[in-house]
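Pasting the structures in now, so scroll down.
Consider the two complexes below, in which chain A is the common component and chain B and chain C are the respective partners.
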Partner chain A sequence: MSSSTLFLRKATGLVRSWSVFDAFVYAFFSINLITLGLYIFSQMYYLEGGLLTTAVVSGIIILTQVVVYAGLIAVMPRAGGDYVWQSRILGGGIGFVLAVTGWWFILWLWTPLYSDMLRHEFFVPLLGILGMQGAADYFAWNPNAWFIVSVIMIGYITVIIALGMRSYARVQKVCFWVGLAGLAIVFLFLLFGSHDAFRAGLDARAPEMFGSGAAGGSVYEATLAAGEEAGAVLPMTGGSLAAVFLAMPYIVFFNLWPNWGATLYGEVKGADDFKRNMLGMGGALVATTVLAVVFFLLINKTITWDFYTNANGAYWNYRWGFTDQAPPLNFWPYPAMLTMFLTSSRIVQFVVILAMSMWFFGWAGTIFLSSTRVIFAAAFDRVLPEAVATVHPRTRTPIWAMVLMVVPGLIVSILYVWDIANFQSLTLMSTLVIAITYLGSTISAIILPYTKKEMYEASPIAKYKILGLPLISVAGVIFLAFLLFLLYQWLIDPNGLYGIGLTNTSSMVFMLAMYGIALVIYVFARYYRRSRGVSLDMLYKEIPAE
Partner chain B sequence: MPRLFFATDIHGSDICWRKFLNAGKFYEADVLVLGGDMTGKALVPILALPEGGFKATLLQQEFFLPDEGAVADMERRVKSRGYYPFRVTAEELAEFEADPAKVDAFFHQQMLDVVEQWMALADERLDGSGLRCYVCPGNDDAMEVDEVVCRARHVELAEGRVVELGDGFQMISTGWSNITPWKTYREASEEDLAVKIEQMVGQLGAKPNMAHTVFNFHCPPYGSNLDEAPEIDDDLNVKEAGRSLVPVGSTAVRDAILRHQPVLTLHGHIHEGKGTARLGKTLAINAGSLYEQGVLQGAVVDLDKRRGVRSYLLTTG
Partner chain C sequence: MAALPEVQSAVQHIVELAAEQGMVLRLLGGLAVRLHSPSANHRSLARQYADFDFVLADRRTDRLAAAVAKLGYVPNQSFNLLNGDRRLLFYDERGERQMDVFVNEFHMCHSIPITADRLALEPVTVPLAELLLTKMQIVQLNEKDVRDLCALVLDHSFGDGDDDMFNLPYITSLCARDWGLWKTITINAQKVRDFADAYDLEGGQKLTITERLDVLRNTLDAAPKSLKWKARDRIGERVQWYDLPEEVQRG
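Now for the complex of A and B:
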């Protein structure tokens, strides 16, 4: 029986395949356990939903997001992501406002957050290991140092972007393997180390390396006491279902990003590509969740969950200004550094912390790369001036797009680092605004089979149905409900848990300013282009075929 | 002040060709220009089943087609994506599988037949419209496509010659590209491509007015961001899941643009490379392509005798 279903000729662009593993690496870095994960877990010390349970349940729900985005890619590949999907399905104005706020403006706020992670996972521990206690303390607490780290980080990202995607992909691959090796060593230390050894190591080495300590007592004991005073209650497992759900608006800071690399693939590909996208993004989400679970269990075994949570509580309680009492452990309780108190070898400590920092360096480029894409797409649509899409003729660096990221990023860093106008309370705003962007794409996905019927029917996902309904719509509805739940909790914040809701004036002003600026740019562009004889309506209108 | 609509790389998509023909009226354009690569890349057999009905596989989904209506609908869907449907029996399909030369010949004929049909449709739709329509086959189009285009009454072949766009604007075109890994019909070394381009520039006259000249070159200029394509390995597998982008444009095209500085250049070839770039005084546009989705990406450009490019817009129609 003949079996050929397709004959291809030699033609430009016909590629054979792409590696699911490569897609996995990018998504795996985007839901970054070591940077985003550990940073946000540490801030959740006062919540009552089990962290492990919350990570697993939220991960399962976020799989619907993977379906939504893999579906959108399958129907409209090579289109450029949220901006293009939304502008083509929901309309140009909505697409522009939601995309530039979620993929450009709000990433300014991520600048100080990224640099905060960098200083705590790279500068502070390495300086402490090198015996530079004063410098470590300076980088841990001084806003000037934090700002310096922001500038260094922006410099690094600029170099990465100037090197181009090809080099960045290579850098990322190296960082992936080195970072994983570092994590494996941390896991081994935790697996074979004992709690007593950890406690002894902490009490002996933290004062020596970082100057940690309580008046004449054990750092360990003092940290437990400070944490309890701070109200650290976060359990590893358990908590009521309601408590678990109330922890989700926090944890999504870490795991809402498997779709970050939603992008382009080859031609004449079908359902297989949809499945491969699912595997790449979904696999990364599952693998990261599993790694988080293992990390929690190992922390519980050797460091103990009690100490971990109390150390986090003591740190953030002081940093957020709820107490004047500095934490006995006078640096961010980075689990990798805590683990390294199990060894007295400075070389091992240095190598492992350096290896673990690859989780940052392999990931940091994403902050501006995605923004650059949206800025370019908006410039090609003539909503932004053509100049912002220009690249340097020799280095091919998108100079103006970088300026549009770097300058506001530094301004927001100043506001955040020195906590001007209560800016440090806005951490979760970084996630909220992107969630609103996802909301637009999710609604686009839900209605896609009905509003772009022909395009949907011609796509490889048309055959996937649940109870006769398109899979992308069903997954979209579930994910939409999740996003609406998150937005309700963040904005209304009935339990006062997240601090970015309607009661936070800075938060509301910042958010409205971003949406306002986006709207003004769009309205101005429409008016200006019309005065030049070009209607932006032409951008998205479909030409009749008959 | 001529308004030009440019689209490219529709690769056999029936719906995109129909949209292209309607684009003049839709965008109120005076001139239609289709860049290269009109022909499709895939044949989709629609297999007659011994027990009756047909079956076909599109995008790795198998469809049973019980009657003529279902088969016609499938053929329409296949054509919309830019592929060529053909009905076969199991025996005929086995012959195709056993004989690649037969597949090649059939493919070739299919391409020419479809272009022939398209030209007939253009003659019908453009008749009396006053629109000028230029087509310049690209590196993926067989040489015989030119002859088919030349037979059309309302479509002009633009390859290798100077054509008028109105208001004193002229355009030279070539669908040839630099060497690709796919060894397609119209590829040349950078040196040969440079010679071809200079021959065309020579046709513009001794002192051509580059402020009123458009280069319609299928291949985009090297390193312009309009030529960024996913990096592939020797076996044509995409590296880094498509995230590693590399410039693959032509240095000859780039040099020609920088040397002559035409007011506008139009490109395609790299479907992912939609965008604009400035090379000195020249505005370079790659309209990109989403032909498989039946979406006609294009560029609407208003040319002005005094200002050159008065305005432009990249469209998704």
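Now for the complex of A and C:
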């Protein structure tokens, strides 16, 4: 007999759809520096905490969130993530209400936000580069165009979700590498370009490609003046500790999502391996933060931080209706486009902006993909009708789940795009509601070692302790404190910085409506199932099968 | 546990029902080996057959679900929803038997192409070449796998076609494209040789297994390889060349 060995494999296993690298890319795109990051940084022009400092400090704090979610996934790697954990640890009602609001309903609000980024990072710059100034202007400012972009975007997302997890991962991977290549080129332009060249390029090319509100003068000078008038003060570094923390309720719009794949981990290889989960989500957070720091430094070197902040201030000051004076730069100050003013080659500009748009196309599916798993999990538990957990037999599109996200998403898009009932003031509400969902999962994580002792002890995370306390609980307490701070700032808003607090009626009505709908669905399901002899309470005592 | 004729009849019935719906469904796994290899009944190689493993060369999985429902098989709803583009699970009414269906592909430690054309070569099971490959691609071979492989190789030679033999040119073409598959198959060929020695087989039977596996090994080694294959060969075992299927808690 040789040294060959045999194994005790019990049954035909399953090769799960996603590798750890796929999960990393999903997390990397979920805290998307180019889409979410640049979009929200531009709105922070009036804050006083250094952006680089805020990104780094918040990133460090959010690592505790990664520990919490990597731990929860390792203990219960199930499709549905937050919903499954909360419903099994905190109870079905809390789990359902918090999960469907944070993973489903609030995504309706993200629809116009995603499409706003798409038009500014894809349609507007590419049309401008192609010499179609009128079309670029239409997409940059007209609400009809914005809505058209929303519809196009939803079509694209529906198709890539219908491709299935493995094909989605392939699309995502291609976008990841092409997007990184695009960013590398932008970095090289910024590294080797000079400020004088940028300024000359901007003044010469911006009016020709996009039109200008500078009335024949220097776009550069006019932008600085408009930004100062708008009160643009955001520094790159520095600011008091208080100012840095006050910038965090804004910046988390970008970096609070390394766990966005949490609901999908039932489909990731080796999801019960805590270290792998840490590597996937934590690696994405660290890599994105490092890229952000490099980007900030390079922007400062060639574009200058002063110009970048003033351009953002001039743009949002007009768009938010604080002034009637159109910004001299007639488009959203997309740093990749600004960088491309360093070259006169339209081909290079086009290729680089197209490559950079892969940051959007590789990421866009995140708006609904994670949510489908929460809807499925709730349907498996029979809180939602079984029909929502079905797919089209040929295309495998989760038709009803998509309908439940897309139709309300389009309705909210109409409200947002045409700013009906002050909906455009609700941007940060998109983050607040999800943070409340995370609050539920964080509390679940803190008490997990004590309330589900047997399950915890049998899990791979049981060996990780700090001062004798479970790591997941310690990390959970830190992250809980951070979430409570964010919620206090958003809701009470003592400094009047975020605009979604108790004083914003639209904000409160929208939020209460979402929680109200979720509660009504749960209560109805509970009584309906009971009338048919099914106890949801009994169901929630069991961990769902994979 | 049902008797073999009863199981065989059940499998035949499932394949026929699928055919009535215009679908090509074929059996693989241990039971398929048993149907092809009388030696699987040898005292040293006999084993239990707990589950049915099938492969379906069709995207219309809803039709298959409807067909097997007539036989009392109920789907694992959540598993099929999340994995149904490539795998389906069903259980019989009494919960004694599980039916595992690979859809349009066989991907475990390695991928083995599944096409309707090749499936049509056999009436009930996958062709012998695919049957051998689906067993030999397993990185963590267990006792049952080795017994199955011994039985298969003992009863069938390698040749140029599919008629009661392993289609060697087909197997070679796959391994010449896929270094990982070649690697695992050559490792397993050696493993089966080693373990065949330990079984209570006659000397001539052991020799047959050894000689046939040598034919396989020598042919695979001699075949011209693609550039991609050669590049991967230079990296060798430093990078993992296979996937490891995970156990699934199936409720």
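Assume the second predicted complex is superposed on the first by the 510 of 546 C-alpha atoms of A that agree within 3 Å, B and C clash if a C-alpha of one lies under 4 Å from a C-alpha of the other, contacts with A are read in each partner's own complex, and residues count from 1 in each chain.
Definition applied: contacts are C-beta pairs under 8 Å (C-beta built on N, C-alpha and C of every residue); 3 or more make two chains touch, one makes a residue touch a chain.
All figures in this text were calculated on a predicted structure; none of them were measured in a lab.
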Chain B versus chain C as contact partner of A:A389, first or second or both or neither: both
Touched partner set for A:V534, first chain B, second chain C, both or neither: first
Chain B versus chain C as contact partner of A:S345, first or second or both or neither: neither
Which of chain B and chain C A:A458 touches, first, second, both or neither: first
First, second, both or neither for A:G164, with chain B first and chain C second: both
Contacts of A:G13 with chain B and chain C, given as first, second, both or neither: both
Touching partner for A:S240 - first (chain B), second (chain C), both, neither: neither
A:N144 touches, of chain B and chain C: first, second, both or neither? neither
Between chain B and chain C, more extensive residue contact with chain A: B
Set of chain A residues, in rising order, touched by both chain B and chain C: 1-2, 4, 6-17, 79, 164, 166, 266-267, 269-270, 376, 380, 386, 389-391, 393, 396, 544-546
Sites on chain C touched by chain A in the complex: 29, 50-51, 53, 59-63, 76-79, 81-87, 98, 100, 107-109, 138, 140-143, 146, 190-191, 194-195, 197-198, 243-251
Complex contact set, residues of chain A against chain B: 1-2, 4-20, 22-23, 26, 75-79, 84, 88, 164-166, 168-170, 173, 261, 263-272, 280, 376, 379-382, 386, 389-391, 393, 396, 454-455, 457-460, 462-463, 529, 532-534, 536, 538-546
Interfacial residue positions of chain A with respect to chain C in the complex: 1-2, 4, 6-17, 79, 164, 166, 266-267, 269-270, 373, 376, 380, 386, 389-391, 393-394, 396, 544-546
For the chain B and chain A complex, residues of the former touching the latter: 11, 15, 18-19, 22-23, 26-27, 37, 41-45, 47, 56-62, 77, 80-81, 83, 90, 93-94, 96-97, 103-104, 107, 139-140, 177, 180, 182-184, 223, 225, 229-232, 235-247, 269, 271-272, 274-278, 290, 292-296, 300, 302, 310-317
